[in-house]
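The first chain written gets the first letter, and so on, giving A, B, C, D, E and F; residue counts start at 1 in each chain.
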């Protein structure tokens, strides 16, 4: 993979104009208000596997529109809390996978709350999922989730996803083992985009871990990558050609740039310079707009895998410092 | 593409056991009864394009659950009917496209009623579509439509699609220009599967034109092709592994073999011997179960394009003979 | 597909120097004079298919060197003319296909004259063809037609093709149902390149519809695309390396830029910004050189499919306005 | 991926002749004797990461020829043993990755000993490795490890690998926290092949977990798959054509069939029916030769990913039962 | 590449019925008679390169229809003959390349006569060619040469090619340095097919070296390979579907089986068991029909590269023995 | 393949800063001194093939560390010398192939000494090899040879390779048929990189023929190509991320730029402008640093095949002039 985006020196300063609709804040305030009208009603079911180091719960709660969302809640066995809690959001197409995929945070002394992305995980061989998106949307769509309901911000798929994610934090905070003052939003790719949105939409997130975020700086991403999932939108625009303005208007309510610009929590980003799925300029654009204290790890020779396990360890150390100091 | 399925001599006799649930007929009777509880409420809007040979209507009607379905209704300009009417169902991923894609039947003296497949057409550069499937389904799914709601026949995507298709015939028959005794169901690939289902579910179809039908003989198709869209189901089964029995139970309500076995109308099938999308044995399996008078055109050197324009002309001649004799 | 060519603002102004040989006009005058020494001798054979809306003729006429060229001539049934006539030239590798592929113009009240490109259509599953190029050329060639006879303008394949296309207009004009003052040249890709050449070579074309034209601005195209069919020439140059100057000299007699610079008819172009087969800069280069009144439709998210059915409708409206005003 | 190997009914009985050299047992006895002449000299270095649930050690020990081999040794924090210990061998091309990739067994109450495969892990983005194979081999080889030293059993790469793996068990057994009577050999693909060899070469393994094993039934594998890494050997044979007999002689000392036929420990195998990397017939061939008590999980719709996380949970339950009963 | 054709034991006996038209011999007698009406008129031009070991001539002669064919004639420098002469025919798409590509035979004491295949070599980066096929053929064709003129044996491309090849032997025999009693026909793939035809069409060939021959057992080849160039014919049949009978009739005049059945010279064949371009059953079919003394080298792990340099050395030894004994 | 590197005008002047370690010269002086401590001990074995024009010897000698290296030594039969000798180094992955692959230079009156690259040639169907690299290296590596021992210049694979190549010249010079004052270093791609190194490391090379050299201007190459073998290093860096500085330090001892800057012999380079394996800017960077008299052939439309047989003939003429004048 050759380098294809701006050189690193220019990325460091790349801070493009944002396209933010006037009623962005109102839209989200209204959205969350409506969602919270449904009781979250979390149900924690102990998971049947002979593990001795952790306790695993299959968790269900009500997200947007009262739809039930699945996840895992895992704590060190015998912990009596309150524990800091890492919210973990998932990359595109994956489901929550298996509890044993998520043992790192509990083994570092945290609770972890893994939140599924509705409608995904049905063809993810390694990370199967269980949560449908029961809303098909009011307009035709391309296969995949990127264009479901894309003609109307109210109907757009990611309105439901981001709201589910915010509601998951509500649920986590309410758990007796969780210290609500030390909740962290985390994820990579789509999961990074969701963590970014959650942090921008809440003022009580204690920290964020955002890797190679997707759903950010849409227009540039659509123009410089030839890779999915951004290309889902390009295929839609190539087919239903009269809808471009409406599409970009909808996307402006969901663009990571506008959430990053509201990000006040301490954040650890990561970016990969050969990432042609979530190009580095779209990541730096968000990072450079971030308001809170921030660090970014740059992986110069990596593609969308980003920092992988190295970044995972960076995050363990980052949170350890954050919550110790 | 090498030959990969049974040799033609064996295909001619290939008539496998069908897996038909005991309540198959009841299921469909109930389904259609429920759908017909919603008034079809068709709206015909003249389409604004300076054409002199045909009249084009953008048509909307209510299908399954009252959801609005889009289509084209095109007649020879100045026709005063009643005309025979070709119902045209669409291949996987496509929408209704443009009126000028459907001029053959009106120029042969028929009405044509093009029926969209809900939820498709959003990334079909050549054949854009306009009809959403507003139901997301009650279980996780693989990208695409093949596994939407696949854990429950009541919730399965193709229950809605086949019902829309049957309701479209209700609508067509009611149109003053249409001769309800001369309605033909037609389509290729997914459209062929839908036409096959419609013909099996109604007793008033005057003829059927079924090309390289999809959605037929699911288990064999899943085992011998490595191509989409059948592979959507394989990817689902590879991920959500506990669900195989439930999946095959659901599919048994939608398998073309069970509709073909109820097909009483005269039918013209086509099949391609190098078709690795809808393998020839799955097509012959349906054809060999068909009850009515039948013919099949075999294209020995073709893949899933099947008979293409040659078959189109065969169909014009076939219908001409059918309605003249 | 990422954007890869100049940005739209620069495309609007992109008007490169043309490389036109001094005897360009003489070459073509001589070529057409020689071709017209052969009587066109058109034969119109009614096509046997039970159509009621149109009359279809299988047409043959003599093109370059007296070689017989096949086509379709289709008119609204019962028309008594004189009708405007759309000449339709075909994209690379395709033949004339089936009459029912060409029903749009007759249903809009025009005659359509579909002209095959000699030597093509023998492996075009959707659009089979019938016209050989009986001349193999006097020099070695790469597979495909782009380098047949490429060492000598007199021997070059497109000399014969463009001449056939011009002769087809002669034939059309002579048809009693055609209004010779309202003949339009049209086509996409190679068909667009041919329409461009025909319009540059005749002064009696009433309008032109040119989509994503091929055979235009050769040197830039060879340098910025990695796609066929331009790459046929690159493969030739990579093999027979001493011939580059001679090749570019030959191509200068056939470069769409030089025909566009002679284009005086009203024209509707279209271009797609993600088209890596016929890159947008090569299209704008021609458009910006066009002499007559002109419009261009820009498809920002499309590849070589260009405007597809949308553009087809634009063209119906464009001609309607052109011939009404 | 279509089914391509024998049908399941025949796989259940597929037990081909084995090609075992007369001195197979001697060869391995000599090999291990020589290796044990080098002191294992394990060094356990605590790994610096703020984890609370486990203790992680970077372990080094001397394997074949005294070469140093890297691994992880991870135990539940605070365990005072003796613990059952899972030996974990790694799939082709991967290194040991990160400690957090191996938390399952410690969280189930076991020690885990992750053993690197020498010479691999240098281009495994997700699972980097640290152990070179300092021996280049005495004959030319294809890229990859499959043909390093393939002309002589003494020089063959997997002689060193299997020996390292056996020595790792020696090391594990000696660790004060490990219960030497409850050591389990495990791995998938190449790791499965190694676990199979280790279990065949030792009589003190308490159980084996073998997923989709590689390095098994070489001749059939080379003939029915077109996929790497088996194809490395095919490419070698296609190039250095005189060496086939010598190659198959060497491989007969390393064929999983011959180790499986010596397998006396209780074993849980898994196999995937669409696995074209390690075809199901090669897996069943080994399983059907296994001597000890045995179970096999069949994944009908999966490729080489096999049972993935589902199988991991099966294994947790299997070992729990094995060590409880 | 997995094994995909019959197993070797069955290949040894595979001798299918041939489909030979009644006038096969007459057709070829007439063809050669007509061709010989044109004087061969060979011209040998010394090639300007400072070589000391060989003398190189750029040779031109008249083949079918008097068309000029290019080649190389190379002899050991200072030879005063008469020398045995190896006719070398070329694989599909290649030209004669460079004199230094053909030094083996002159360095073994033979003359070599390299004969171009008309119309090829224009996009062969490694082996450029110079000979056009000035005849385009009287019917539409697929890109490439396989279907040029395929509707009529008289018009078919390979009629010209095989005739050129036979005429080249006429020319070679007439050269003062060549011993006409020791002329050998050789080639691989298409070159093997040509050598096979030449040997079947002449009774004065002293030996033949035929590697992985193409143009042999057409129907089976079309059905079991998915690779070019046989697929050119499949693409043609998939497009121009009414022509299959005519196509197979034409091919029966050119099928290697019918030439092999006339092959009386001593022959050394080679075949590769993983060759999916010229499948082993098509090669054995010809070999098993061969009449003369014969040997075949089987390469069990190779694809279409066949025996490569190993086979070249086999041939040197084979001819040495042939001409010494 | 589109143009992707700098335009030709800028390439002509492209002369980037070199990154040369202070002890570069010492490193190589020490390396060669150590290697020469092992006697070369060449063995020439006549090769058994009935050739009349040349004498072929299978040659073995001791290279770095005394490891035995294979090659061919071929001279015109009957030559009594002293002859100029062309050292021929081989492209990546290939072995020495067959003697008949190397007949050009002997037929031009030279000796040729073909030198294998240790560890390569084991999966090169066309050019098999026989020389292992018995040193596996002291650090983990990516598959292939590019990263073997890459953490330490003393341990790096190409230290051994370049030393073998220099020692081969020692051996050649000592041969009684060779004129030590007329030894030429030659090769393409990796072979070009080796020839470049040899010429930079010796002061007695009479000329160099360097085609599309690999192993040159590493950092730029890694950043602008996405093709192997440079990508082997990128994959390594993407996996073992902490090692980048060490890797680039090692590579600085092996970068062709530093050898080219010491090149004093007359040289003929070649470069291809569409070469994405060894990009043109990396070639011109070396060429522009070369100290001796120099020429470069530019192939504007070629990829990594470069000048192919055309360049071979250029080289024959170049050496002829060089040694005549």
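We take it that a residue touches a chain if its C-beta (ideal position, glycine included) is under 8 Å from a C-beta of that chain, and two chains touch if they have at least 3 such contacts.
Everything numeric in this text was worked out from a predicted model, so none of it was measured.
Least step count on the touch graph, chain D to chain F: 1. Touching chain C and chain D at once are the following chains: A, B, E, F.
Of all residue numbers seen at the chain B-chain D contact, under half occur in both copies; the interface is built from largely non-matching residues. Computed centre separation for the pair chain A/chain F is 50 angstrom, with centres defined by C-alpha atoms. Measuring from the averaged C-alpha position of chain A to that of chain B gives a distance of 39 Å. Each of the following residues of chain D touches two or more other chains: 125, 128, 238, 241, 302, 305, 310. Judged by the touch criterion defined above, the protein chains form a pattern that is neither an open path, a ring nor a star, and not fully connected either.
Checking each pair of chains for touch leaves A-B, A-C, A-D, A-F, B-C, B-D, B-E, C-E, C-F, D-E, D-F, E-F.
Within the complex formed with chain F, the chain C residues making contact are 222-226, 231, 234, 237-238, 241, 244. Across the complex, chain A meets chain B through its residues 93, 95, 119-125, 128-145, 147, 232, 235-236, 238-241. Looking at the complex, you find that chain A touches chain F at residues 1-3, 274, 299-303, 305, 307, 310.
Of all residues in chain C, those touching chain B in their complex are 49-54, 76, 97-98, 100-101, 103-104, 106-109, 125-128, 302, 305, 308-310, 312-313, 316-317, 320.
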